[in-house]
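Quick heads-up: structures coming right below.
You will see two complexes here that share subunit A, one where it goes with subunit B and one where it goes with subunit C.
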Partner chain A sequence: MNKKVLVVDDDPDVRTFILTVLEENNFIPIVAHDGVEGLEKIENEKPDLVTLDVLMPRGSGIRLYRKLKTDPSLKHIPVIMLTGIALKSFMRSQKTLSEFQGEKVPAPDFYLEKPVEPDELIDAINKSLG
Partner chain B sequence: MKKNKILIIDDEENIVKFLSMSLKVDGYETVSAYNGKQGIEVFKKEQPSIVLTDIKMPEMDGLEVLREIKMIDPETEVIIITGHGDIDSTISALQFGASDFINKPVKDEALAIAIERAEAKIYMRGQLNEYTGNLEDKIEEATEEIKRKSNFQKLLIRSSNDGIAATDKNWRFVICNPEAEKIFGCKYSQIVNKKNMDIESIYPPDIIKAFRNAAKEEKDENLEWKETSFSSIDGKKIPIKFSGRILYQNHKMIGSVAFFQDLTDIKRLEKELVESEKMAAVGQTVSGLAHYIKNILIGLKGGSYVVDVGIAKNKTDKLIAGWSTIKRNIARVSDLVQDLISYSKERKPDYEICSPNNIIIDVIDLVKDFAKTNKINIKQKLDPDIKEASVDPQTIHRSLLNLMTNAMDACLDDENIDKRFEISINSYLEKDNQFRIEIKDNGSGMDSETQEKLFSSFFSTKGGKGTGLGLLLTKKLIEEHNGTINADTNLGEGTTFTIRLPYTKLADKIKDPVKEDLS
Partner chain C sequence: MKIKKLLFVTKFDDLCYNSLNSLLNLTKASLEHVVFLNVIEKEKVAMHRGAGYIKEEEVKLKETANIRFIDWAENLFELGLEVGAHINVGTLIPEIIKTIELEAPDLIVIGRSHKGRLEHLYSRSDVTELIRRISIPVLVFKHMNEDSIVPEKLFSRPLLATNWSKSSNQAVEYIKDIKGLIDELNIMHVTDEKNLKSKSTHSVQKIRKQERKKLDDLCDIFEENGIKTRSHVYVGDPEKEIIKAGKEYQASIIILGSSSKTSIIERWMGSITRAIADNSIFPCLLIPSK
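The block that comes next holds the complex of A and B.
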């Protein structure tokens, strides 16, 4: 059965590109424009995997990632970060938040920096889904 | 204080005993002798400071004792005991240096007074000796100190990093330290105390003039530091900083002193610093530009992938989506180029008589739909006192549009999704012929680090979505329009940008900076 992948990104160009890559590789893509819409779609559509941008208006990727990884009913969903922000900066902000909230989150399954090659993305998705 | 030792000489034993007892009761140490000769012997042995001697004694009388004792120690106080009316011997005794006289029969009171006086004299002499001795020591000390200080000052002048040269009142050199030698390009021995060498032969004309003027005006303060250059005797040109002053004593000129700082190294360092700052700025610019172009390339690459899929699968929707991505990114390249061109070009404002408030309304019209979709409330309060004025509408329009877009981005960027976002744009007529426009948002605000970089090139908070030129350009436009722009921001609370522009009613009154430069 084809797997459902949610793409959360505020950049329409990135959405179009990732969506097309996913379709070409027989995934069922869903899109969200920001962090808030992203969480709604995760709860309603129950995707098998999420690709997530970091810098977005309305609830950044940093925040959404934390929500996903600290919610018992959602934390099993693999997340691939897809962003222009370096992994180091992302993990530093997560560490700061962990200390602040007293709750640790694991590192994402894959962290891909833009620009991403279609093969690279599909490879990461397949590995994450097992 | 230790009491003085007293020698008592009298041929009458009873008198010696009586005096001795009386003095001992008063606390003095006494020694006795019963004739002149014995007196001298005891004196030599005991070295008393006061001697009481009878004048009339067989063999060696009081006068001889007095002379002898004064020869041995002239500072001894000798008190003569005389009989009544013995005027001649009293006069002789005075001539020989007797200190005092007591009449016989000796009364306790008279004795006490005589001894006290003698003691006072001894004490005074002691003090005087001590004082004189001290004085000599002090003079020696002071001389040493002066020598030391003078040497120290000489050393100080010698080792100063500044060139120091001093002249007498005839402008002839009296001091020239090694650093000054270097700047002058000649040796101490060539100029100091040379009759044919004065400031005219060494200093550049502007320094000579400064000194001569100061002397004429009897200026008693340091001349202001001034940069000039020295063409030394050996033909080198040395950039220097110069100060100096005329020296006075009792309101009369006694000379001049000049201080020189060699600026050769400083000038070189300054140049290097400017160069390296330029290089750093170029580096920052290039890396900002590269980052922005990279983001455009990501868009173009993604777009062409989607177009490829559209062609291969013959899917029109993919072709349309991919193509629009490509077109959007072409637009971004063109925006970037446009921004770069505007930034690199000096633009003269194009003044027109128009209403600044109307321009604000136009800008709000342009952005209100976008604001509504994103649930941002826009408020306005425009000062009706601002009438038509001579401004460049394009400058105001572009600046406000940019600031409004930034304000909306700041709202969208805010992580606090419970906030009710609001942007207010207000105008005010100010007193000194200017008006002010404020754009205030309650969005994400900025930390101090961001605020510092706000107006620097290619710094963007919008990830790959901004060129990092927007505020830089706005600032340039406003400044070309003789205005100012500043930002007041608090992280998490929002930002207020304030623009101030000249409020001029007539077009011809506008100052034209470009024309001014040419005239």
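The block that comes next holds the complex of A and C.
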């Protein structure tokens, strides 16, 4: 059965690119334009995997990632971060939030810096889905 | 009244990271979320005679803004703040309003208007236009034009200029919420010279005493909240006197209630708030009455 992949990104060009790559590789793409819509789609659609941008309107990927990884019903969903934000900043922010909130979250399955090549993305998706 | 979420509107030549940095003290109060907005004016990318819509220019301008925002966001994320960004093509004020509807911020931060006197006369300043259309406090920065250094502690020495209006009273509530950031607060009221025209010294002194008493009562409210406060009565033209007090007491920011004059009066007569926000060297926090 084809796997459902949720793409959370505010950039229409990036969404179009990822959607095309996913469709060509027999995945079922779903899109969300920001962190708030992303969470709604995750809860309603229960995707098999999420690609997640960080800097977006209405809720960043950093907070959405934390919500995902601290929710017992959602934390099994693999997440591939796909962003222009440096990995170092992402990890530091998670460390700061972990200190505030007293709850640690694991590192994402993959952290890809934009722009990403189609092969690189598909390889990351396949590995994440095991 | 808490400032949890701020909308930082930048054209990059008016507000930069140092301005944003000076606001980060607000995290000690209640700031949790910063949203960036860059509006690319339509004229820059569309409707050029013979060229039509210039997609390449839009991509270039959007990516240039995105690179700056990513850089700023990395710093803020590392502090544990939530960060968002909007890069829109359109007209400044409508795009700000659209973003306000989406994000519901508690404070808007913008640079001073770049319009000239004639443009102000016919189209109003961006600040005036914005204040008329929203009910959220607006912080106006203007340091870039004066080449002055942004105060590291923007809220350390605020000057509250009160005219006892509803919006001035609202400002009191905002100040209480940022009490932890304030070293010393100066509060002032400007009495109109007309009020002092009298044959007897006694009646003039009475007016001064009344104003002083009201200011002292306000001082007590702030002192009860742990804010060291001094009060001052000035006489004369409010715009000039407020700026004078700002200089005399080395204000880091001027806090004012914003007027609710009708647009036609505002356009032709001007308002004290607009004049200070547009013309003074001080950052100004404008509090609406709604």
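Everything below uses one rule, namely that the second predicted complex is superposed on the first by the 130 of 130 C-alpha atoms of A that agree within 3 Å, B and C clash if a C-alpha of one lies under 4 Å from a C-alpha of the other, contacts with A are read in each partner's own complex, and residues count from 1 in each chain.
Convention: a contact is a pair of C-beta atoms (placed from the backbone, for glycine too) under 8 Å apart; a residue touches a chain by one contact, two chains touch by 3 or more.
As the structure is a prediction and not an experimental result, all values here were calculated from the model.
K.L.:
Would you mind checking whether subunit B and subunit C clash or fit side by side on subunit A after the superposition?
P.N.:
By the criteria stated at the top, subunit C and subunit B clash after superposition.
K.L.:
Looking at A:Ala86, would you say it contacts subunit B, subunit C, both, or neither? Reply first, second, both or neither.
P.N.:
Second partner only, subunit C.
K.L.:
Let me test your reading of the model: by the given contact rule, A:Thr96 touches which partner, first (subunit B), second (subunit C), both or neither?
P.N.:
second
K.L.:
Touching A:Asn126 in the superposition: subunit B (first), subunit C (second), both, neither?
P.N.:
After superposing on A, A:Asn126 lies clear of both subunit B and subunit C.
K.L.:
Check the residue A:Pro12 against both partner chains and state whether it touches subunit B (first), subunit C (second), both, or neither.
P.N.:
Touch partner of A:Pro12: subunit B, not subunit C.
K.L.:
With both complexes superposed on chain A, which partner does A:Pro115 reach: first (subunit B), second (subunit C), both or neither?
P.N.:
first
K.L.:
After lining up the shared chain so the two structures overlap, which partner does A:Val21 touch, if you call subunit B first and subunit C second: first, second, both or neither?
P.N.:
A:Val21: touches subunit B, not subunit C.
K.L.:
Answer with first, second, both or neither: which of subunit B and subunit C does A:Asn2 touch in the superposed model?
P.N.:
Neither subunit B nor subunit C is touched by A:Asn2.
K.L.:
Given 78-86, 204-212, 258-266 or 384-392, which part of subunit B has C-alpha atoms clashing with subunit C after the fit on chain A?
P.N.:
Of the candidate stretches of subunit B, subunit C runs into 384-392.
K.L.:
Output the subunit A positions appearing in both contact lists, the one against subunit B and the one against subunit C.
P.N.:
Touching subunit B and subunit C on subunit A: residues 55, 57-60, 63, 84-85.
K.L.:
Across the complex, what residues on subunit B touch subunit A?
P.N.:
Going by the criterion above, the answer is residues 294-295, 297-299, 301-303, 305-306, 309, 318, 321-322, 324-325, 328-329, 409, 412-415, 417, 463-465.
K.L.:
For the complex, which residues does subunit C have touching subunit A?
P.N.:
35, 66-67, 69-70, 73-75, 77-80, 82-86, 99, 102-103
K.L.:
Which residues, counting only subunit A, touch subunit B once they are in their complex?
P.N.:
Touch list, subunit A to subunit B: 11-14, 16-17, 20-21, 23-24, 36, 55, 57-60, 63, 84-85, 114-115, 118.
K.L.:
Subunit C touches which residues of subunit A in the complex?
P.N.:
34, 54-60, 62-63, 84-86, 89-90, 92-93, 96-97, 99-100
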